[in-house]
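Below are structures written as structure tokens.
Shared chain: chain A. Partners: chain B in the first complex, chain C in the second.
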Partner chain A sequence: MKATRSYKAQKVLDRMGNKLNRQMVASLAACVHCGMCTDACHYVLANPGDPTYAPAYKADKIRKLFKRHFDWTGRVIPWWVNAKSVYTDEELEELKDTVFGKCTNCRRCSINCPMGVDYATFNRMARGLLVSVGIMPEGVAVVSKDQWEIGNQMGVLKEDYLDTLEWLSEELVDELGDPRAAIPIDKKDADIVYSINPREVKYDPRTISDAARIFYAAGANWTMPSEGWDMTNFGLFSGDDDLGGAVARRLYEKVEELRGRKLVISECGHGYRSTRCEGQNWAGYDLGFEMESSVITMLRYIHEGAIKVDKSRNTEPVTFHDSCNNARSCGLFEEPRELLNLVIEDFREMYPNRAENFCCTGGGGAMSMAEYTPLRLKSAKIKADQLASTGASYVATSCHNCVDGLSDLIKHYKLGMKVTQLVNLVAEALVIPEKEVLVPVEKVPAVSAGPLDGYKILVVDDEPDFVSFASAILEDHGASVVTAFDGNEALEVARRESPDLITLDITMPGKDGKEVFEAMRRDPALESIPVCIITGQPELRKLIYDRSVPPPNGYVDKPISEETLMRNVRKILEIKQKVKK
Partner chain B sequence: MSHLLHFVEHTLQEVALLIMAIVYTGRLIWLMHYKAGKERQADTGNGNTSPGKGIIYSWFNVAMPWAMESSRRKIFLYFQFVIFHLGVVAAIGLSFVIPYGPHLLNSETLVLLLQVVIGLAFLVGLYRIIRRVSNSYMRAISSPDDYFSLVLLTVWFFFAFWAVPNNTAKGETILLIYFFMTAFFLIYVPFSKISHYLYYPFTRYYLGKTLGKRGVYPVKHYPREVRG
Partner chain C sequence: MPDELQVNDSKVRLVKGDITDIDVDSFVYYAREDLSLGSGYGNAIAMRGGPAIQDELKELGPKGVTEVVITSAGNMKARKIIHAVGPKFQEEELPHKMRKTIINALKLADEQGIKQVSFPAMGAGFYGVPLEESAELTLSTIKDYLQNGSRIQEVIICLLDTREYLPFQKKLNSIQQA
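Moving on, here comes the complex of A and B:
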């Protein structure tokens, strides 16, 4: 009896033929099952004895389809070469768990394959096939939708983006006492158009202001675009070349519209790879301008004497984590080390490194796939061991995904390390000479008393120590603080007090923070109140990526410093520092 | 020499080679009808890398056990790979030497050399069979073709080892088995995993081209230490 095939399964097979190119076919045909790739994969090393994580085993889940439908032997005697077709949606779901949940497309197995089989390439193809029929982790769907519809993968609205830049810009002008320190928006004919990751706007604005500080110190003719500013590209992770092409084209066209001479890409592994190396291929687009990583820009500034740095300002031992996309797919591994050695005193190499480095385990879109978080953290043991053996206090990386991935595993394995980016270290080491001020601005303290005057903030956390700590800081800055120690109380106080901002812990007795957050977002009386998640639980990323309600307005990891708390609170409330005239 | 042995040494081998050549040609046409992906972007990485250098490095990667962590850390597997493949070359070469240059086997040194190489390859074949059967990772990725190809080659090595002296005075059975197996091997190879060497230049070419363009190949820095 002829087996029937589901509509989706048929579509996957139909589309597979269109996706295959010569590189993929050779890779799919060439595997000899020698097993040399096995130990190259962090999933295998963290799950000893389970062969289902072996790269060749995972690759065979895709290869069997290829063999059954495209390869001669598999079409004639399928059982002989383990060729199999796919018939049901359940089988496609199982394939999804392999290609999304058990592989970060880090390409480490590819460079360890004696045959040169590039598993990561056809794993991405398989992701794309599944995505084309709507089978994907929910987080991937949400993020892809945001990037298609809103233009960036975190759904940052244009007004929020511009408000953040304005706020950062004013802070810089105040701090440096020079109006030329402002962040230029949509400036035509700039030497540099600077593109960023939306995570920087939403959760890490310091990286933007640090970069702006460096451009200012270098006297750069630079700008940031008001639109098309997102250099990340979820098409790389989802395997959706159409999305990849559309996102890349949006950025390229903006640079050309501004007549920018060079596109500088902030520190993001997949963003750099997508924009610099893959986007033109997806979009079928030939560029009239150059592109480079901000790491190379900063290094050049130092070499050319455009900026001066003092490495004695960074004395803590620092190691460097190579992002897979930067190192293994774009060859960006010497420049970050050279830069680090110019701005820090104590560099500790991590082994293995460069193109052989292990994935942070948050790559390939894994941070957006909350359902695989336990597996991700388990597989992170390899990276945790690597980090711990360096003895460093900081791990620097040139990738926002890696920042999140490393932060999660550092918490999970209690390593006590901090994660930073090169832009932060360069900014810290930056020596800004006194400059002539065109418009005199009176020097004022960085933080004036009472910037939160008139604001009511609800602090929700089951840890009394934390509530006391946060309340004291917020009250010191002028806020009126109300508190709650569990979920039910949080909802009750929020409804009663109508605060201007809620800081919310996730793990609490009774209703946990996730339930409270969703309840708030669904309650017409509370839905517009900004919420800043403050937690030590990485699982909360489900709220950011895998959501049925609008995401939180801010997200801060514990432990938290006064500076970080205030920076995020001020940003969310869009408070400008009050400058005493 | 019997008519049968003459037939299997000449006509049968020639027919088998012709079939293999036809199937391989078909395989290459099939592969080439898929379009190669195009890379539009400018090169990345330092100036010491390029697509051309990447391709050369990638092709000769097989001769550089230090180039990959997998071969560095499993040097025993690397050397048994070398021996196994030298054995294949020797056993295939033997199928040409016996019919077309039997006088070469008058050299005891050459006979000894071939027997040593093929004998070691046979032992490696036995080790590989044991590894494929006993190692759960290897079992999980193995198909009937993987087992059959390995057993086929190992048995073939066994008979090739005894066929090397090309001594018909002691009977033709060994030579007949060796040449029948060689013919079967030649016809079977294009349909099996053993044909991987046909794809090797392509997979390595494209990986080398991509990683060369992106500044990864040739690898200049290898870790001074590796994970324990």
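Moving on, here comes the complex of A and C:
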């Protein structure tokens, strides 16, 4: 009896033929099952007794379809070459768990294959086929739709992006006492158009202001675009070439509209690969400008003497984690090391490194797929061992995805290390010369009161140590602080005290932070009070942002420093740093 | 190439921009069957419009493919949102379902006395309908509907970027030439 095939399974097979280029076919046909890929994969190393994690095994789940429907061997001798078809939606769901949940597309197996099989390439193709029929992890759907429709992966609205740049710009002008330190938006004919990762706007604005400080010190003619500013591209992860092309095109067209001479891509592995290497093919776009990683830009500034750095400002031991997309796929691994050695005193190499480095385990979109988090963290053991053996207290990386992946595993394996990026270290080492101020900046006289004088802040957390820590900092800066240690108390105190700002933990006994946050947003008496989530569980972000209420005004991960706490509080309350004289 | 099409007393016009951030009587949101706003434009509606919209939707859903509902637009620049549950991801009988979804959205606007409706590139982007097909289905269905008589004065097709805009402009031109 002839087996019937589901509508989606048939669509997947129909589309597969269009995806098969020469490179793909070579990889699908060439495997000899020698097993060389096995020890290259961090999933296998974390699950040594389970052959289903082996790249060759995972590849065969896709290869069997190719053999059955597109390769003559599968038509003539299907039992010999293990050619099989797919019939049901359940089989597609099972394939989804393999291609999204058991591989980060890091390509470490690809470079260790003697036959040249690039498993990551056709794993990505399989992801794209499943996405085209609507089968994907929920997190992939959320991020993809945000990037398709809002224009960036994190759903940052244009007004929020511009507000953040304006706030950072004002801080820089105040801090440096020079109006030329402002961040130029949509400036025409700039030498550099600087594109960023939306994570920088939402969770890590310091990377933007650090970059701006460096451009300022170098006297660069630069700008940031008001639209088309997201250089990340979830199409690389989801396998959706149409998304890849649409995102890349928006970025390229904006640079051309601004008549920018060079597109500089901030530190992001998959963003760099997508924008610099893949986007032109996905979009079918001929570029009229140059592109480079901000790592190269910073290195060039130092070599040319455009900026001066003092490495004695970064004395702690630092190791470097090569992002898979930067190093393995784009060959960018010597320049970051050269730059690091110019701005830090104590560099500790990680082994293996460069193209052989292990994935941060958060790549390939893994950070957005909450259902696979336990598996991801288990597979991170090899990375944790790599990090620990360096003896460094900081790990630097040129990738925002890696920052999140590494931070998560460092916390899980209790390594006590901090994660940073090269832009932060360069900015820390930066020596800014005295410059002539063209336009006098209004000087605000020093005042004895702190910047939070007159503000009442409610600190909500079930950890007394954290409440004491945050309260002391906020009070030192002039705020009056009220506290609550669980959800119900938080609502009660908020209604009674009407604070100007609430810092809110997520995981608490009784009513947790998610419920408290939604209750606050739905309470007419509390809805307009700004809320800053401060949590030790960054993976719970989605639970907050998926609620049908306006999002929090800030979101900060623990552990939190005084500087980070104050920067976020000031941003939310829109308090400018006063010029100290 | 033209950006406008006159159909009886109504006008169809193409604009480039974010459909959730334009000043219009109503706009169409390509909704999920459970009517939850989700991410993308849904995220923008939740953030710009406030929680009242999702609260209204809770009373109205779930809905099947081709069905439409209307809500307020909260704090947004628009006055009303038509949530249209369109076909997704190459599902069966997609052209038929898409036309029916668009007609249902226009009928609802007419019934509500709405004079101005904005549509996105229906089903394109995340839901995978190719842009040329979206342009054909969206524009020809709207034109046919308006030709049969409607009180809607203006239909705005709001397209996010050049990539979306050009196929719609090309299709609009071919309709004018026909």
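The rule we apply is simple: the second predicted complex is superposed on the first by the 493 of 581 C-alpha atoms of A that agree within 3 Å, B and C clash if a C-alpha of one lies under 4 Å from a C-alpha of the other, contacts with A are read in each partner's own complex, and residues count from 1 in each chain.
Convention: contacts are C-beta pairs under 8 Å (C-beta built on N, C-alpha and C of every residue); 3 or more make two chains touch, one makes a residue touch a chain.
Here the structure is a predicted model, which is why all the values come from computation and not from measurement.
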| message | Just to be sure I read the superposition right, which of the two partners does A:73 touch: chain B = first, chain C = second, or both, or neither? | response | first
| query | Which partner does A:338 reach: the first (chain B), the second (chain C), both, or neither? | reply | neither
| message | According to the stated criteria, A:492 is in contact with first (chain B), second (chain C), both, or neither; which is it? | response | neither
| Which chain, chain B or chain C, is in touch with more residues of chain A? | B
| request: Scan A:94 for contacts with chain B and chain C and give back first, second, both or neither. | output: neither
| query | Taking the superposition as given, does A:116 touch the first partner, chain B, the second, chain C, both, or neither? | reply | first
| query | Where on chain A do the contacts with chain B and the contacts with chain C coincide? | reply | none
| said: Taking the touch rule as given, give the residues of chain A at its contact with chain B in the complex, in rising order. | reply: 20-27, 29-40, 44, 49, 51-52, 54, 56-57, 60, 72-73, 79-82, 110-118, 276-281, 284-286, 290-291, 327-334, 351-356, 382, 385-386
| remark: Contacts from chain C onto chain A in the complex sit at residues 18, 21, 36-44, 46-48, 50-51, 53-55, 88-92, 125-126, 128, 160-163
| said: Which residues of chain B touch chain A once you look at their complex with the stated criterion? | reply: 27, 30-32, 34-42, 44-46, 49, 58, 61-62, 68-71, 73-74, 77, 81, 135-146, 191-193, 196, 199-200, 202-204, 206-208, 210-211, 214-216, 219, 221-227
| note | chain A residues touching chain C in their complex are 7, 11, 132-134, 141-146, 148-151, 155, 157-158, 242-243, 245-246, 249-250, 253, 521-522, 545, 548-551
